[in-house]
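After this come two complexes, each holding chain A, first together with chain B and then together with chain C.
So, the complex of A and B:
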């Protein structure tokens, strides 16, 4: 227990405490020390910053679009690839591949695939008689682009968890329901879904913990643009801190995000416990 | 198996459904693999084969991009750094995290449940909230751009991750395993290393592999805490992808991307059984 406790205190607890301290101070850019106490000034500046609110909105939009999409696609594809045949193991193993592509590589490669001029995706869309789309340059499409790339990277993760979950479902319950003449929809709605609910909740939480850290893909694919359209919160704070050197304000933003994430994670955890207990 | 157990099901379900599932499952798999395939393909193209309409599928493959960018983007040093940092962070985390996970799974502590929730919460700490102070502290201590700094930074997300996975793994082991050894006078520590570690090897190894991969592809801390000596491959890729001055350098992007991804893919495919098992356990146990 002790090595982990010490390490976590040094690298996790201490930096959080340090961030808290800077967030109430003015950082001297000559010495890089937080020397002057300024109270809530940094927080006030953050709350009045429109770009901070925009960035929160962008992050929220991304989470609301991406997470449900990845859950539904992940479980759907798991159902498909669980069909019993010789190649099942191979297909499942191949699904590991997108999952281990570094997110920054995924962002870069998709940027290439979605290029308005030379990109392969627009070329393929042409076969369906569709006009080329400006995936990265159109502010309202750019968010979709971010969601598509993220979904490509993370759906296999959900799929692999879901394949195991689907295989562990008790067979006899389904057979009994079929003998009783229950139809496909009824079986899905009153047996499969309730049985899967705890694992769906657990997968959602793990995915949520990853998604709130969204940074690499946005940096490589859109760099927050066009304008501020895909400037997710981690990217925004990163730029404020390390490009604009507003360390104190960034620390205040980071604290706000930290608290927000903790509260939401806590709510999801309580929700998933409730689901488990109901079983 | 299913045919033996459920003759009724088999008779009722039309065979077509199964074929539709197989075909669409394989199709979905191909769609998901395509971007990786395209990346590898593009990395073997000459620039004149990259920027074409329609895109080129058949071309004379060349190693031109690899030979010209391998040294240009400081790839060998970055690759070396990435290996050091990923394995260093992975090993430190598995050592510290597995022991802590074992303690949480076995030792009856008053606040064990609370600690469990805290670990999970700590996985939600936004890395940017750590990157800012780490940069400032490392700068003042003269620790910027060193392997050890990055290894410690990666412990922030790897240790909680390992603790969480291994706690679930150890909980599923029957307590009788160590009880006999403890009665014979073995210490907790001794029982852990002599009995628990050997039988947990598959779980430990799959968790280690996951940790190494997570560290391998990390970008934010690497961007903030390194600049030359200890800089990693993802930083190089972010630089190439975000280079708007020289325009899209897809050759370099795909070549360096392929070099980053292929070792991990081979690694992951070799141990895919354990990886899938580890994923499933991570979500169901705990």
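So, the complex of A and C:
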């Protein structure tokens, strides 16, 4: 018990408290000690910073686009590959590849694929008579690019969970529905979906917690650009801290994001528990 | 008219045949039990009637219409599953009304039917509950309610009592029988429990390894089992068997251990043939003369007593009414009326008929 507690305190609690402390202080870059207590000054500076709000907006946009897409695709694909067919196992194995590729490598590979001049994607688009697109240079397309890469990376994870969930559903309930007169769509809508709802909610929370931390793919693929178009909050905090050396303000931002994430996660958890209780 | 005709139905999974030509005709209103050991094909046959399993060869007709290629929902059947298969996210009321809702029946009419079924099954106070808030027996009744509201041509039951405890099983069994007497709907009932089959069914279909061993009313199967399998399967405690070769005049058996055993007075075996003698435990009487057997164990149940004894190296079970002073280690003499002696051909397993004038 106590060794585990100590370990947790050291690796989890200490960094958080350190961040909390410097978010209310001026950081001495010589000693990395919090020198002067400055109250809410760092927080005020963050709130007045347009680029912080922009980053929040970028993160929000990314979450709103990527999460539903990954959930729908993940469960949809699981639903399709759940049927018994030859080679299902191979397809499942292939699906795991995006997850095990290092995110920075994935970002780099996609960067090459999407290169406006000699990228494979534009080359393929050319076959359909489409103009080459500036995937990484156009601000709205860059966000789409980020969403596409992240979806490529994480949909298999959702599919994996969804497949396990589908396989664990009781078979006789579906047979009963079949005998009761439900067609394919009705079984999906009235039986499968309600039975899966708690697992969909839980998967959403897991994905949400992962997506909020979005950093590596943005760093490797777009580095926040063009301009600020894909500068997600974690990338922004990182740049402010380690490029601009504004550690105190970054700490304040980190605390704000921590609280925000905890509140939203709390709301999602309550929601998913409600869903579970309905059954 | 809820007739079900099963004509020479076969089932294979790939090249592996699991059912080898089963034919059963079930007239309207009859309660038929499919019974047999696990893996005998009884559940598969039921699922083929329901449409949940493809028919490899042969035909199944409901109400005279061949349903081989008819979807389960269009067969006008209702099924009660072993694990009840209730919709976990729906209340009891919604569970029972689901099929009617799918048919597009008006709400008021659905409610009326649900109420009637709930009353029959004593479920009125549970209508708002979710399945997880019900006991096993209640879930079982909801599953039956879901079948009743549909007023189907045929009821299909797949071992519906096997998840209930022993006491509840006996109670629900009798409720099921009352229900059938009241509704008169054709019923096909799968069970591995021969007592359930005996007590419930108008006719029993005994199955083994994908084949029908015998079809008939419960007491016919009990009194005149067509073969060794049925003889061993029907009846509890099970029938005693003694293998041997009939002597020249058919009044005794040469046993494998070299000794001879006279048949009960009046019984006669075809001379020289390898036969298996079968006697039910309750038909063996403790008498003054007869086969000498050593008592091993006495099992009293109050109303009757089971004696496990040994005749040479052959184990025998004897069931007597009431109680007894016999003790383990005693030697008793056993006799049986000739009319209760069953004879089977040891090689084919088939019953050998009409050897006894008194039969």
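As a convention for this text, the second predicted complex is superposed on the first by the 278 of 279 C-alpha atoms of A that agree within 3 Å, B and C clash if a C-alpha of one lies under 4 Å from a C-alpha of the other, contacts with A are read in each partner's own complex, and residues count from 1 in each chain.
The rule is simple: a residue touches a chain if its C-beta (ideal position, glycine included) is under 8 Å from a C-beta of that chain, and two chains touch if they have at least 3 such contacts.
Every value quoted in this text rests on a predicted model; they were computed, and no experiment measured them.
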| query | With the two structures laid over each other on chain A, which partner does A:55 touch: chain B (first), chain C (second), both, or neither? | reply | neither
| Who does A:179 touch here: chain B (first), chain C (second), both, or neither? | both
| request: Using the superposition on chain A described above, determine whether A:192 touches chain B (first), chain C (second), both, or neither. | output: neither
| Which superposed partner A:170 touches (first chain B, second chain C, both, neither) | second
| chain B versus chain C as contact partner of A:70, first or second or both or neither | neither
| said: Applying the document's definition of touch, where does A:278 land relative to chain B and chain C: first, second, both, or neither? | reply: second
| First, second, both or neither for A:206, with chain B first and chain C second | first
| task | Please determine whether it is chain B or chain C that touches the greater number of chain A residues. | result | B
| Residues on chain A lying within both footprints (that of chain B and that of chain C) | 175, 178-179
| message | For a test of understanding, state which residues of chain B touch chain A in their complex under the given definition. | response | 2, 5-6, 8-9, 12, 18, 21-22, 24-26, 28-29, 32-33, 35-36, 38-39, 42, 50-55, 92, 95-97, 99-100, 103-104, 107, 117, 120-137, 139-140, 152-153, 155-156, 159-160, 163, 213, 216-217, 219-220, 223-224, 233-234, 237-238, 240-242, 248, 250, 253-254, 257, 260-261, 264-265, 267-269, 272, 275-277, 279-280, 282-284, 286
| request: Could you please specify the touching residues of chain C with respect to chain A in the complex? | output: 50-52, 71-73, 75, 77-79, 81-83, 85-89, 98-99, 102-103, 130, 132, 146, 150
| query | Inside the complex, what are the residues of chain A that reach chain C? | reply | 170, 172-173, 175-183, 186, 190-191, 194-195, 278-279
| query | Hey, which residues of chain A end up touching chain B in the complex? | reply | 1, 3-5, 7-8, 10-12, 14-16, 18-19, 22, 27, 32-33, 77, 79-85, 87, 91-113, 115, 117-118, 120, 123, 152, 155-157, 160-161, 163-165, 168, 171, 174-175, 178-179, 199, 202-203, 205-206, 208-209, 212-213, 215-216, 219-221, 223, 233-234, 237-238, 241-242, 247, 250-251, 254-255, 257-258, 261-262, 265-266, 269
